[in-house]
Amino acid sequence: MTQMLAILILLLFLTAGIAAAAMLDRAIPALVAGRPMKSSLSAPFAVAAAMAIAPKSDTEHPDRVGWVLAPILYFTLAAVGLSVVPLSPRLVAAPSEVGIVLWGACEALTVVAVFLHGWSANAPLPLMGAYRYVAIGLPAMLLSMFVLIGAALPAQSLGLVEIVESQRDVWNVVRQPAGLVLFLMLGLSVSLRGPFDYADPYDLAGGTQAEVSGAARLSWRLARLAMLVSVSAMTATVFLGGYLGPVLPGFVWLALKSALVLVALVAAGNWFARMPPARMMSFLWLALLPLSFLMLAAVGVELLLWG
Amino acid sequence: MIVLVAATVAALVRSARSPFAAPITEPQKVPFLGGGAPTTHAWQRYHVRYYPMTLLFIAFEMEMMFMYPWAVVFVEEGGKAMMEMGMFLAILSVGILYGWREGVFRWQ
Amino acid sequence: MTLSSVLIVAAALIGIGLYGALSQQSFVMLMMGLELMLNGALLAVIGFWSFALGGAPEGQLLAIIIMAVMAVDMAVGFALVTAVYRKRQADTTESLGTLKN
Amino acid sequence: MAVRLLEKSAPSAPVSVFAAVGAGSRGRVERLFYDPRLTRVLSVRQANVLLVAGSLRDEDHDDLRRLHDQMPPPRATVWWGSDPIFGFDDLTTIAVEDDPVAAIVAAHRALIMVERASEPDLLPNEPANPWRGEGPHGQGGKGMMGGTPYGRPMAMTNDDLRDGLALDAYTAPFGPFLPMLPPGLKLSLTLQGDVVQKAEVLRPPLAQHDDGPTRALRLRRVARLLRILGLDAHADRLQDASRASECGEEVDFAKLRRLVRWSGALAAIPPGLGVVDGRDVRSRMRRWLDELGVQRPDPADPASSEQPARLVDLLEGLEWTEAILVINSFDDKALLAMAPVEKEDGNAEKGEGEHHHHDHSSRDHHSAGHAMNHGGGGSA
Amino acid sequence: MGLIDIAFILLSAVAVISGWRVFVTDSMVRASFLLLLSFVAVALIILLMAAPYIGVATIFMMAVEMMVMALFMVMFMMNPAGLNPMMMVHQNRFAIGAGVVAFAGLSLAALATDFVDNRVDPAKRVVHDLGIELLGPSMLTFETAGVTLLATMVGAVVLSARSGRFGASDEGSLPPGLEPGGEPAGRKPEESGGHHHHHHMHG
């Protein structure tokens, strides 16, 4: 019964989150560009409607199964990733004692979904987008796993409820501030935006999206937004104490914190420049991975001394 | 349950039919190159420029399998856990350093 | 779901994997056969662990080791394929045999 | 019901426009998208309206037809200061000095309301190569790699510049209407993965003879580089500033410079990329950035040196994004000088005897690649 | 027949059928991802058997491994997308026979043997036990795994990367001259071409 309730709330959360993300996606670029922001509220729906009524395109002998499956898989992964996020100690859509491992599996399958989306078109620009995303998506995933393990140490569990409960005294963002930054980078990577958008970038004329139109494109963009919402909720849970907070019910706190992370992610996606993929790959392995090692070691030492 | 709902929603959106849908003709199917027409299929023996990195990656990622259970018992086991995992990670870091020296993390 | 039924599924996977490993000319496809056999082995191990060993931790450890074997097998296998291709421009098992000159 | 709702709200969305830019129109088109009623799409697949701006060369006409046919229906074409080419009818033409936005929006609305018929295909409805029913499975192919399965042959292996794995080389013409390339530039690129093995200029970029103030031009150049670095919003800001400075309004250049600096755009560009006259892409961009507000022509650009570097040499051995960055790091005049069209026979000896231009390292690879082709032997 | 049994039957069918399709499909990407599907189905069966960690970890390990598998399959197989249907097999009959015999033998063995019935307690903290096991009794296995993985990493790099310490692997030895951090395009020029030839039509 509580599970059904949790699923309902989460679906509501996902829908509202996607709408909010779509609006932010127009408002924040407009803010940076110094253009009027007033159309940000209504424009996303009109754009979605325009996409929905446009016909789908086709290429010469694409892999149709893969092309159809990719956005569906991507969206589903976002929903599954979101489903392990607890709304309160009892209210979890998919209670799992290995929540962060499940989230890791969603990240790994996201790489598969994005690759499939680019590969299936049988066209050069999407193909390049697909391959370069794998080069960045894989090492970025490694970072997030170290960071999540760092969060699991004080909780003595891989479940997200326990991870939230372990933050009653001090939020994980205090324990590993750099971990939050690394996890936000992962968030940009799995939702294909800004400095980590190697699948759908400008220099490939939209990359994996270059050959899709109409409802196919709409579903891909929705899936990207859904993943953004999902990763925001996950960040809020792991680093910002999730549902913990005074007075208000747990899921309201979770929604507020997720919204904060969402704004941060969209802003970061519009604020930082994207390196060419070769440079980013070296950067991930040689700068960020050692940083995540250090972060983990620091959390370990802290627990040994004061834990 | 979640999987079913999400997959259905996404499938419905993906399969929405446009009121303007018409049979797609051959010239509409030519891959987009900004006007140019390709001579061959794009599917090819694609030269992945980071293949040594992926090999290093799958070996390195294996360590995650050991790290998750380790994280659960870390507080319980204390210094011993720290030391053993430190040793394990140090061993694997040697691999990464070696890879770096061999230029694995560059575009080949 | 009983141990026997789990083991039969595992046997089917091993059988298909063996077929693939024996029949495929391409070295990469051969590795797919191997992986499928290990997949069956993994299922069997967890089956025993769950139904007959009462959840002894060694069973899980064995499963992890099987996965490590898969990873090692893949990394070394692909590296080998790359090395062979660099020399011979071919990826079939036959050409691997003639490398020993 | 749902469909009705969609059809109601769809016309209020900005019109997706793909711009095919001809001679002397680049700045005009970039200024156009300040209007919130339009959005510029990167791929013609996502466009509702094809905007043809400025005059095209005769050679570009076929490419324009191909582009037009790739646009999914319902589709319309708007000609802005350019002469409609053969094959189009139901013409919407706008004079250069007029604003085309209203016409574009009207055309799009008419399409959605089915008041205007979607333009038909211009090219014949037949595959690139006949394939149906041919071959052992009717897929048009022969054996493993042969024939034309589903209308096209497969790419074949070739030697590689970088790591010696001879995998498939994909050769295709890119442009002349690709949004991240200068208008009119059509390159034949041979790629292995995403690394350029060989580049040839099929058609040079179209002259833009931008006569606006230099600082407005410089803003637009930086904006183009910013887009490649994933900074669309920043690019829009610079674009708007360029528009404002052309209208004679006051622009806070120091603030713009700070904005770009803080985005890490300069640090994101790899050092040593596309070196010409001792300057790489990063230092060229830094110079543009430093001189954002300065109202004087660029100091000696590569075009003015006696023997300009060749674009195709710069591109060889580069990864795709790096190559695109290099192409966009030159101003239009310099690029025009660097991208002469090579005749067919001239290409064969390319890279053999002209090592004295500049010290780009991939040149050595190139000649080595030739030696490999001729001297390589061995048996299976 | 409970819900778990139905799920088990469905997942087994998915695992076996997609495992079989791997060797029938023409597209290498599809083959890799079908194998992934087979792994995911097995992982879900493992979840049903009260081993949450191993199940989920299988999915995440295999997703990555099959992704890499797809990259290499496409890289080295002729006609990677299966545009022309193909069949690259040898000793097909023998292989089918061996597969059937293996299946039949193992199944018979599974049916004939009487296993002790000692089910895992659903309340057991299996991940915790695994951690204790890793750090305690099986410490040596754990560290050996580390060394093995290191050896794998080094071996894979040595075999696959071209530029080693003494120059490219497909040319003669050169004195060391590797400078870390340099541009990949600016590597040492290649002198000899090894054995390059361009006919690839077997089978």
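Per-chain numbering from 1; labels A, B, C, D and E assigned in written order.
As a working rule, a residue touches a chain if its C-beta (ideal position, glycine included) is under 8 Å from a C-beta of that chain, and two chains touch if they have at least 3 such contacts.
A quick note: this is a predicted structure, and the numbers were derived from the prediction, not measured.
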Chains touching both chain B and chain C, listed by label: D, E
Far-end chain from chain C, centres as C-alpha averages: D
Chain whose Cα mean lies nearest the overall Cα mean: B
Farthest chain (mean CA position) relative to chain B: D
Inter-centroid spacing, chain E versus chain B (mean Cα positions, whole Å): 14
Chain centre separation in whole Å, for chain E relative to chain D (CA means): 40
Where chain A and chain E are represented by their mean Cα positions, the distance between them in whole Å: 27
For chain B, residues that touch 2 or more chains besides their own: 19-20, 22, 26, 28, 30, 32-34, 38, 41-49, 51, 54-62, 64-66, 68, 71-73, 76, 96, 100, 106-108
Contacts with 2+ other chains: residues of chain A: 52-57, 60-61, 98, 101, 104, 119, 122, 124-125, 131, 134, 138, 158, 205, 210-211, 214, 277-278
Residue numbers of chain D (touch at least two other chains): 3, 7, 43, 45, 70, 72-73, 127-128, 149-152, 154, 157, 162-167, 170, 172, 178-179, 193-194, 270, 319, 380
Pairs of chains, among all present, that meet the touch criterion: A-B, A-D, A-E, B-C, B-D, B-E, C-D, C-E, D-E
For the chain E and chain C complex, residues of the former touching the latter: 4-5, 8, 12, 15-16, 19-20, 22-23, 28, 31-32, 35, 38-39, 42, 45-46, 48-51, 53-54, 57-58, 61, 65, 68-69, 72-73, 76-77, 88-92, 94-96, 98-100, 102-107, 110-111, 115-121, 124, 126, 129-130, 132-134, 138, 141, 145, 148-149, 152-153, 155-160, 162, 169-170, 194-198, 200, 202-203
Sites on chain C touched by chain E in the complex: 1, 3-20, 22-26, 28-29, 31-33, 35-36, 39, 42-43, 46-55, 57-58, 60-61, 63-65, 67-68, 70-72, 74-76, 78-83, 85-92
Chain C residues within the chain D interface of the complex: 82, 85-86, 88-90, 95
Partner chain D, residues of chain B touching it in the complex: 19-20, 22, 25-28, 30, 32-49, 107-108
Residue numbers on chain B that touch chain C, as the complex places them: 51, 55-56, 58-59, 61-62, 65-66
